[in-house]
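Encoded as structure tokens, the structure appears first; notes follow it.
Letters A, B, C, D and E mark the chains as written, and numbering starts fresh at 1 in each.
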Amino acid sequence: MTDTLTNRAVPDAATQLDIYRRMIRIERNDDATRTQIRRGRITAPYYSARGQECIPSAISVLLNDDDKICTIYRGIHDMVAKDMPLRPLWAEICGRVDGTCKGKGGPMHLTHPETGVMVTTGIVGSSMPIANGFAWAALLDGTKQVTVAYFGDGASNIGAFHEALNLASVWKLPVIFVCQNNGFAEHTRYENGTSVDQISKRAIGYGMPGYTVDGNDPLDVYAHAHAAIERARSGEGPTLLECKTFRFMGHVFGDADGYMTKEEKAEAMADDPLPKFRQKLIDSGVATADQIDEMTAKAEAEVNDAIEFAMSCEYPSDDELRRDVFAEEIPA
Amino acid sequence: MRELNMVKAINDALDVMLARDPDVLVFGEDVGYFGGVFRATEGLQAKHGIRRCFDTPIAEGGIIATAIGMGAQGLRPVPEIQFADYILPAFDQLVSEAARLRYRSGGEFWAPITVRSPYGGGIFGGQTHSQSPEAIFAHITGLKTVIPSTPYDAKGLLIAAIECDDPVIYLEPKRLYNGPFDGHHDREIGTWAGHPAAQVPEGHYTVPLGKAAVVRPGDAVTVLAYGTMVHVALAAVDETGIDAEVIDLRSIVPLDIETIVASANKTGRCVIVHEASRFGGFGGELSSLIQERCFYGLETAIERVAGWDTPYPHAFEWDYFPGPARIAAALRRVMENT
Amino acid sequence: AAAAEEAPSGASVLSPAVRRAVLEYGIDPATIKGTGKDGRITKDDVVAAAKAKSASPAPTAST
Amino acid sequence: MTDTLTNRAVPDAATQLDIYRRMIRIERNDDATRTQIRRGRITAPYYSARGQECIPSAISVLLNDDDKICTIYRGIHDMVAKDMPLRPLWAEICGRVDGTCKGKGGPMHLTHPETGVMVTTGIVGSSMPIANGFAWAALLDGTKQVTVAYFGDGASNIGAFHEALNLASVWKLPVIFVCQNNGFAEHTRYENGTSVDQISKRAIGYGMPGYTVDGNDPLDVYAHAHAAIERARSGEGPTLLECKTFRFMGHVFGDADGYMTKEEKAEAMADDPLPKFRQKLIDSGVATADQIDEMTAKAEAEVNDAIEFAMSCEYPSDDELRRDVFAEEIPA
Amino acid sequence: MRELNMVKAINDALDVMLARDPDVLVFGEDVGYFGGVFRATEGLQAKHGIRRCFDTPIAEGGIIATAIGMGAQGLRPVPEIQFADYILPAFDQLVSEAARLRYRSGGEFWAPITVRSPYGGGIFGGQTHSQSPEAIFAHITGLKTVIPSTPYDAKGLLIAAIECDDPVIYLEPKRLYNGPFDGHHDREIGTWAGHPAAQVPEGHYTVPLGKAAVVRPGDAVTVLAYGTMVHVALAAVDETGIDAEVIDLRSIVPLDIETIVASANKTGRCVIVHEASRFGGFGGELSSLIQERCFYGLETAIERVAGWDTPYPHAFEWDYFPGPARIAAALRRVMENT
């Protein structure tokens, strides 16, 4: 009952490599984050997106810097995929003044207008309808800018989801609603919170196309994102993409995983998008193992540089506390 | 100059801003084609086009969220929420997103939105069409809260709010749309005709946010009010013959603390008036601020006159409403109590 | 409060404004007859008492 | 794409007459209300449901007193259909102490637990998810009680709708969600607020049956309500019924109707459910014209009695102001 | 008697009530199978069954609405909202429905629900996981607001809240779950072990709503606090050596005004402490009430020590948090200022 794509766009070799570049950058960054936390160098709740790298990577190759994304606490992969620079990202995670938000956003509210990373919320659902505002602005300005709203499967059950999709469709807004369905909302299984077997079916209720996509297959995500973005850019309105995937590290880093069986977890993790796509690139002659290793090393170097940079930055000074509450500084 | 009632003054402000600034957008339920249930947006869609003034589905959270995104991309949205009581489904968006975007982005972007909403009672609206929610907004850091009491101020403050780069909750005392209601519901109710503040200049002008107006100078006691209560307080002062200084706060965030403190220090006596229920209302903040800053200037305890601590009561509207008699009694008490 | 325990009558309850006034004018509140509610001393009472005090010959005007 | 009923239950003659009895009681009550307002005997915003009588009438013949309804400002027809007695109803509209809520609810918040009229909200959407609570209680108590949530087409666009339907479906609650689609939300046309051509399609997104029904045809409403109530009572979960209808008197009594063409309005009003069903009853021999006239006269008498009763009642005394804020009375 | 930390005490209260009253239901996100993100509902589903303790989708408005309907039909739902910051999407249901149902039905039915929610800062939660929203609830007539500060009170107040026929917002200071945090974040942080109020009786007992506790009697100055701030205030008092009377309000609605007034009249000096930002916070109500009722007993202006008027600031957590040093400074000021 969910829609089926007829014209499947296929990324060329360079684009495939670019997708992989983003994926490995995410993966290296995620790995380093967990290491830093484990070593006690940073203290922050961390919502790892290990396993979900493919989704924003295959989408972001189709986006420009001025295309916007609105994402969530589990969204650093979305930002890294959008090529947000890692130094200000890390400085922000560490709460330093050179952070992209002067240290005042912190790990849960990273934003970076230069690369279109506009809203990151800690309140489930809230960023989805905000995406519509960016899209309206684009319509009004007559640009081709699109906005991608990333969210989880659990978030598809809150009222904000409904209002966001209905508004976007009534107004034919250039938004792509991307549900990263990892099967769980915190520790609650999909089916205990969600009344429909495929979230993409909800698109029917908003008169927009809805697709269920293999979120671990870059080519599948790319093809559907391509259609959705084309549709948005040409003024036809929004699309709902449900990308099925898995979060390898549980809800928040350090989580116990007693809420699923070992077999279930092992099976899901066997479908790791990274080694699978790596192998595919090599097999299809898009890249050699060496090229990929080089790319990996480069990503790792960038991450390490960003971390060391961040650790060397100052904390914001006390006056910052009272700045940015309003346009004018508030009195002490 | 033209005489306008408050609805027309608000309409005029929107018209001026739509014409002047292509980034200004006006939208909400029934706002476009129909012109708004209180007629505040009448004619704006016809004049400025459907892209600048448009209808929305019933989805207050979605409306405010859309405004936030627009604002973060540089537009100046002016959404209408039809009654202030309907703001609550959008409360999360206002608090967790609109109010906080500037701070958490380190000043990179913000939500310069102006949420217009009719509020207050005295119109037989019952529980969910009469409330005064200003206190819950005043407590949210990052939001400004503005409440006009005359057509002149309504236009000037609304333009200032739209031009302000912060999110503003602009509450319109719906009881004042057609006239300066003084609380005497049992008498014939006047219109704005002939009222000096109904003289509304054409074109662009502002009344700055954060500046109170001393609407009646006096030496005996300071009366703080806003919205409908300004007119009710003036009536009460007249009826008692007490030489009160009546201050119309006009915006409660930012608050014109200097004007308040100067008056309280002069009179040594204060009565604070609001329609919202008393417990936890904005009067508590005003009273504490005065007490903190003017302690040794106080001759008697600061009084609060407010709605009772009940839901807005359908069957007891005029009992609940802090009318001239209740304010007059408080004025007499603070004058006697020394 | 401490003040409440000392004197009975109207002088016992002084508003903050009156307390400051008696200090400023150097007047013993016990010497003032209050005209306020329940015989309470008002700021005006203190000012009047101060005027009366300065109108009477200065106690020690050694020039 | 919306569901189609296969087994259509047909009301017997007595039931058909009972449906008509409820319809005419609603219509007489509505007519009297407008007359009273016109004559200045009551002051209240009035949201007439003239034209929508058939929907709650054909549903209520299937409900028991302990089945609950949750409705909205435009809901007096739903209450009258549920056989709420008219004396306390009118006393409440007039704000008198003999009103069903001691005069403290007023015309927008009428409730009457004895006939299952439990929640009436002025906030669009809010009563829908509350219906789930009654349904949960019924599940827990092991009764067969069902709850009907009435709402408008415009209300189907607010977040509360989404949360209500998802929760009800996940928990298989005995709720029937009845959308009285009259084509307008205040003065805004259906299609300017709603992104799908049939609201019943939204049921797909919640894994529940959804039907679009002719809301002016008692037999069609009955057949679908029958299926939905059966489903609910047998523990299979909720259903969404979209009943298409029209509000003859606009949004609020006294409304200008410039937002539609004269032809459009005339056409909609030509499908008046009352004369149509009256004729059908006569034609099919279910009742004679005389019987129906007698029924009408009886309804009218009941309404008139209720009005005169209400006008003779006292207003609540001042102490009532401070009662019922909390369980204990608050101090003056 | 057993020693329990605050989470365990809350769990115990729920367990007792689930066992005692078949109408009690416990539900929320991750509450059932998983036992709650803070473990407050651990083991309850296994013991009392999936009908009595269950998981919900992420839909705060729907969760509260469901509770309202259950309550109106006679059940006693105890929904959990995972963090108080997530209550806002349910604010409409709490204000327009839960708080108002009894009044507008003329006392025919009501919503005897207890909304449990962890609140407050000091846990590096940033903007949306640290806030203290009590003031916006206190202003809503029809809602009661309860805040425990010890395991003993947490259990007794929670049982009282569940048994209360009114809607109660029960805010759990999450910083206190594991120990009586006194604001010295840079020192080693203690647990509840050995604290007298960690002695939690088995079975059913209540701590009545609306009764404050004088946790430290004194003559020099009255300190009003609740939640985490009780322990921070006690530390500040200790450090200054001032003979302060520290009052733990325990519930802010209903408010134990008698205990407050008696203490303020005795000491003539007051310091009010809360974590929430100051402007429009609950301290304003407390300050005005004392000023209104104890005017001639006040030796010096009432002070408020509170969070700054900024969003909860990720990068400045300990600057924002009203720690012992800030409270001590206020105590010294009110003792000096006469």
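General observations
Note that in this section a residue touches a chain if its C-beta (ideal position, glycine included) is under 8 Å from a C-beta of that chain, and two chains touch if they have at least 3 such contacts.
Here is each chain with its UniProt name: A, D = Acetoin:2,6-dichlorophenolindophenol oxidoreductase subunit alpha; B, E = 3-methyl-2-oxobutanoate dehydrogenase (2-methylpropanoyl-transferring).
Quantities reported herein were computed from a predicted structural model and do not represent experimental measurements.
Taking the definition of touch as given, a chain qualifies here only if it contacts subunit C and subunit D alike; those chains are B, E.
The chain pair C-E and the chain pair B-D differ in C-beta contact count, and the higher one is B-D. With respect to subunit D, maximal separation of chain centres occurs for C (centres as means of Cα atoms).
Distance between Cα centroids is largest for the pairing of subunit E with C. In whole angstrom, the spacing between the mean C-alpha positions of subunit A and subunit B is 41. Rounded to whole angstrom, the centroid-to-centroid distance between subunit B and subunit C, based on C-alpha atoms, equals 43 Å. Inter-chain centre distance (subunit B to subunit E, centres taken as mean C-alpha positions): 31 Å.
The multi-chain contact residues of subunit E, meaning those touching 2 or more other chains, are 56-57, 59, 61-62, 85, 88-89, 92, 96, 103-104, 127-128, 141-142, 295, 298, 301, 309-311, 313-314. Of all residues in subunit A, those touching 2 or more other chains are 102-106, 109, 121-123, 157-160, 163, 166, 170, 192-194, 325, listed in ascending order.
In subunit C, the residues touching two or more other chains are 15-16. Contact between chains, per the stated criterion, is found for A-B, A-D, A-E, B-C, B-D, B-E, C-E, D-E. Within the complex formed with subunit B, the subunit E residues making contact are 61, 85, 88-89, 91-92, 95-96, 99-100, 103-104, 127-128, 135-136, 138-142, 253, 276-277, 279-289, 291-292, 295, 298, 300-304, 309-311, 313-314.
Residues 25, 51, 56-57, 59, 61-62, 65-75, 77, 89, 92-93, 96-97, 101-110, 141-142, 144, 164-166, 254 of subunit B are the ones touching subunit A in the complex.
Residues 1, 157-163, 165-166, 169-170, 192-197, 201-202, 204-208 of subunit A are the ones touching subunit D in the complex.
Remark: subunit C residues 15-20, 36-37, 40, 42-43 touch subunit B in the complex. Partner subunit C is touched in their complex by these residues of subunit B: 268, 295-300, 336-338.
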